[in-house]
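Naming follows writing order (A, B and C), and every chain is counted from residue 1.
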Amino acid sequence: MKANETVRKKVPLVHCITNYVTVNDVANALLACGGSPIMADDIDECADITAISQALVLNIGTLNQRTIASMIKSGKAANTNKIPVILDPVGAGASSLRNETTKRLLAEIQFTIIRGNLSEMSFIAGISSSTRGVDSSEEDQNNDAPAIAKAVAQKYHCVCVITGAVDIVTDGTRMARIHNGVPAMSKITGTGCMLSGIIGAYAGALEDPFQAACHAVISMGLAGEISYEKHQKTGTGSLHIGIIDALSQIDDAILEERRKITYEANC
Amino acid sequence: MKANETVRKKVPLVHCITNYVTVNDVANALLACGGSPIMADDIDECADITAISQALVLNIGTLNQRTIASMIKSGKAANTNKIPVILDPVGAGASSLRNETTKRLLAEIQFTIIRGNLSEMSFIAGISSSTRGVDSSEEDQNNDAPAIAKAVAQKYHCVCVITGAVDIVTDGTRMARIHNGVPAMSKITGTGCMLSGIIGAYAGALEDPFQAACHAVISMGLAGEISYEKHQKTGTGSLHIGIIDALSQIDDAILEERRKITYEANC
Amino acid sequence: MKANETVRKKVPLVHCITNYVTVNDVANALLACGGSPIMADDIDECADITAISQALVLNIGTLNQRTIASMIKSGKAANTNKIPVILDPVGAGASSLRNETTKRLLAEIQFTIIRGNLSEMSFIAGISSSTRGVDSSEEDQNNDAPAIAKAVAQKYHCVCVITGAVDIVTDGTRMARIHNGVPAMSKITGTGCMLSGIIGAYAGALEDPFQAACHAVISMGLAGEISYEKHQKTGTGSLHIGIIDALSQIDDAILEERRKITYEANC
């Protein structure tokens, strides 16, 4: 069975502890690609919710002391229950709290997949970075994304996804470069968060986290392309809605037809 | 005067203590149907806000200890001020915290209307349920929704609304079955939350909570139908926006023309 | 260089501590007009985030004790770092907590620009007001908005913006009356919040806060007009999306062509 068909058939329940800026988009993107979202961040229920889920997504976009504790607790519950855990370290590098929280999450939880931009992932790799808010800084574009992704994947024994002009997915051995997506997606808040949510759905439905991440990255990039073809002259409000539209219409046939991916078996 | 016209004329202020996933949609749905939303969840102001409102909506979708206390305080203020209180027990049955909170709210507050899916309402009725996240589980579809709704209405002296393929509204004596709506609405997060918000607007403007609930349920179902007719081939992003569009255009003439409702005077 | 071109070139980072109802729209509106949003409200990181930003926007729409403390801390950091601070006193007048918080913010922080409706600004000016929820009450429409705006600007040494049928912008000496915008904008939640966000972007990119506020008010009003021309028969969901679309397409040429503004050099 194909990847997207599998997600739509299994309807994985994806527990998200995520930011309040883009949470609605994350939920609708998850539903659109075939998953089922559940948001719950109270310390007294988060582990219960993780226990009934097929994947957990932790996103530190608007972290606070209350939700950090819940992320730790749910992350550990996910490890105990052997369900995949995805980290989206939004703005890592931008404040001491984000830096310390990212380090603590990485120390206490075994992540299955980590997804971020080059600034965030440079921070995780331990390379000095110049994060500017929650967006990747231009200086970082000169860094070597594949090398950083490989370093993160090997250091944390996980799949690492770095999104940018070219998206990189690696498990430390296999490496994929994905050329789907359009620059205009950066003019909408939450395309990264939505992608992390979708990665949760694919990882909750498929066996191989590397393949799950690749399918999710292609889906999100392709949704951006399809929406941009339709709405580029209309504006970013329609581009935003069009991405959800496209995610809900995507199937394996179009993913196969339009994916722009190159693989390396031994990176 | 007709129901929707009354809402649009009275512009009831509806205080919502609700989840952060769908709160924007709840506010826009309330405005679209003629109400006026106000969201306030701090313990130091929630009772003040309830006191100036015409209805209160409590939704436990992303409950936490801070907002549970505010729900209790505002619920009691609403009872004191004799304004209608609506409960949306999102995910009741899915975690101990949701179960305990639901029980506590039901013990300390006299609700006017309770709205949920069959899983949530089975939990409230005390029937063993298999909640799967925040969506009604398939097994529950075999249960007897009208009987459960009647049990909840009689036990808690309120109007009970169970939404599903057929929506049930009952006050324990009168029962309505509403056949508006389309299955695709479940592919958008928040259609249930929006409905609970709209029920608040109708209950804040009309005398009879049973009639208020029926009008709100028909409005939401019809908005889903109208949007689906227009956007079914476009995707769920447009379906979502189209529901708000339709809610803002609906009037009593179209509600009367397109409603699919059957009544029973003594259920 | 023209105002909007300057914003799009400088891409000011705008730190928002804002409500969870409209936060997604604020972020997307900021991106659409050329700014870059960052939302962060934890006391342990808010000053760090303010320090890397070009403007700070404080919006009390869903205030709570946790975020009030962060607003104070970030406001002081902004004053220390000499970056502009914008206040949106949502619902001031509607509860003791909102009143006390507004007074405390005004006492402890030097604001660059304050934006609200006539009810909120009457409260700040110390004129008895009849706030009804978060919307300006009808009685207030009879008050003298320009006089109130001037009083606030002079009392707090800032630019004051009162939005309504006619928008007023004054620094206590100069006064602008802006006639852009359409009444239907009040049927969407968050047009005020979005405007306050955009004011942050313009204030973060331009020298003169009075001019920054005028450009932002014209942009938002014009976006409403453009969207209304296109979507008035469709509904408020599309009107909402169309406002973001228009903001992303607006440039200085159309702002100059369609602005409806009158200036007074000595008000």
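The criterion applied here is as follows: a residue touches a chain if its C-beta (ideal position, glycine included) is under 8 Å from a C-beta of that chain, and two chains touch if they have at least 3 such contacts.
Predicted model, so just to flag it, every value in this text is computed and none were measured.
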Magnitude of the superposing rotation for chain A and chain B (Cα, nearest 5°): 120
Interface residue identity across copies chain B, chain C - same or different by half: different
Inter-centroid spacing, chain C versus chain B (mean Cα positions, whole Å): 32
Residues of chain B whose C-beta touches two or more other chains: 20, 24, 240-241
In the complex with chain C, residue positions of chain A that touch it: 19-22, 24-25, 61-65, 91, 94-98, 132-135, 187-190, 234-238, 240-241
Chain A-touching residues of chain C, taken from the complex the two chains share: 13, 20, 23-24, 27-28, 31-32, 36-42, 44-45, 48-49, 52-53, 66, 240-249
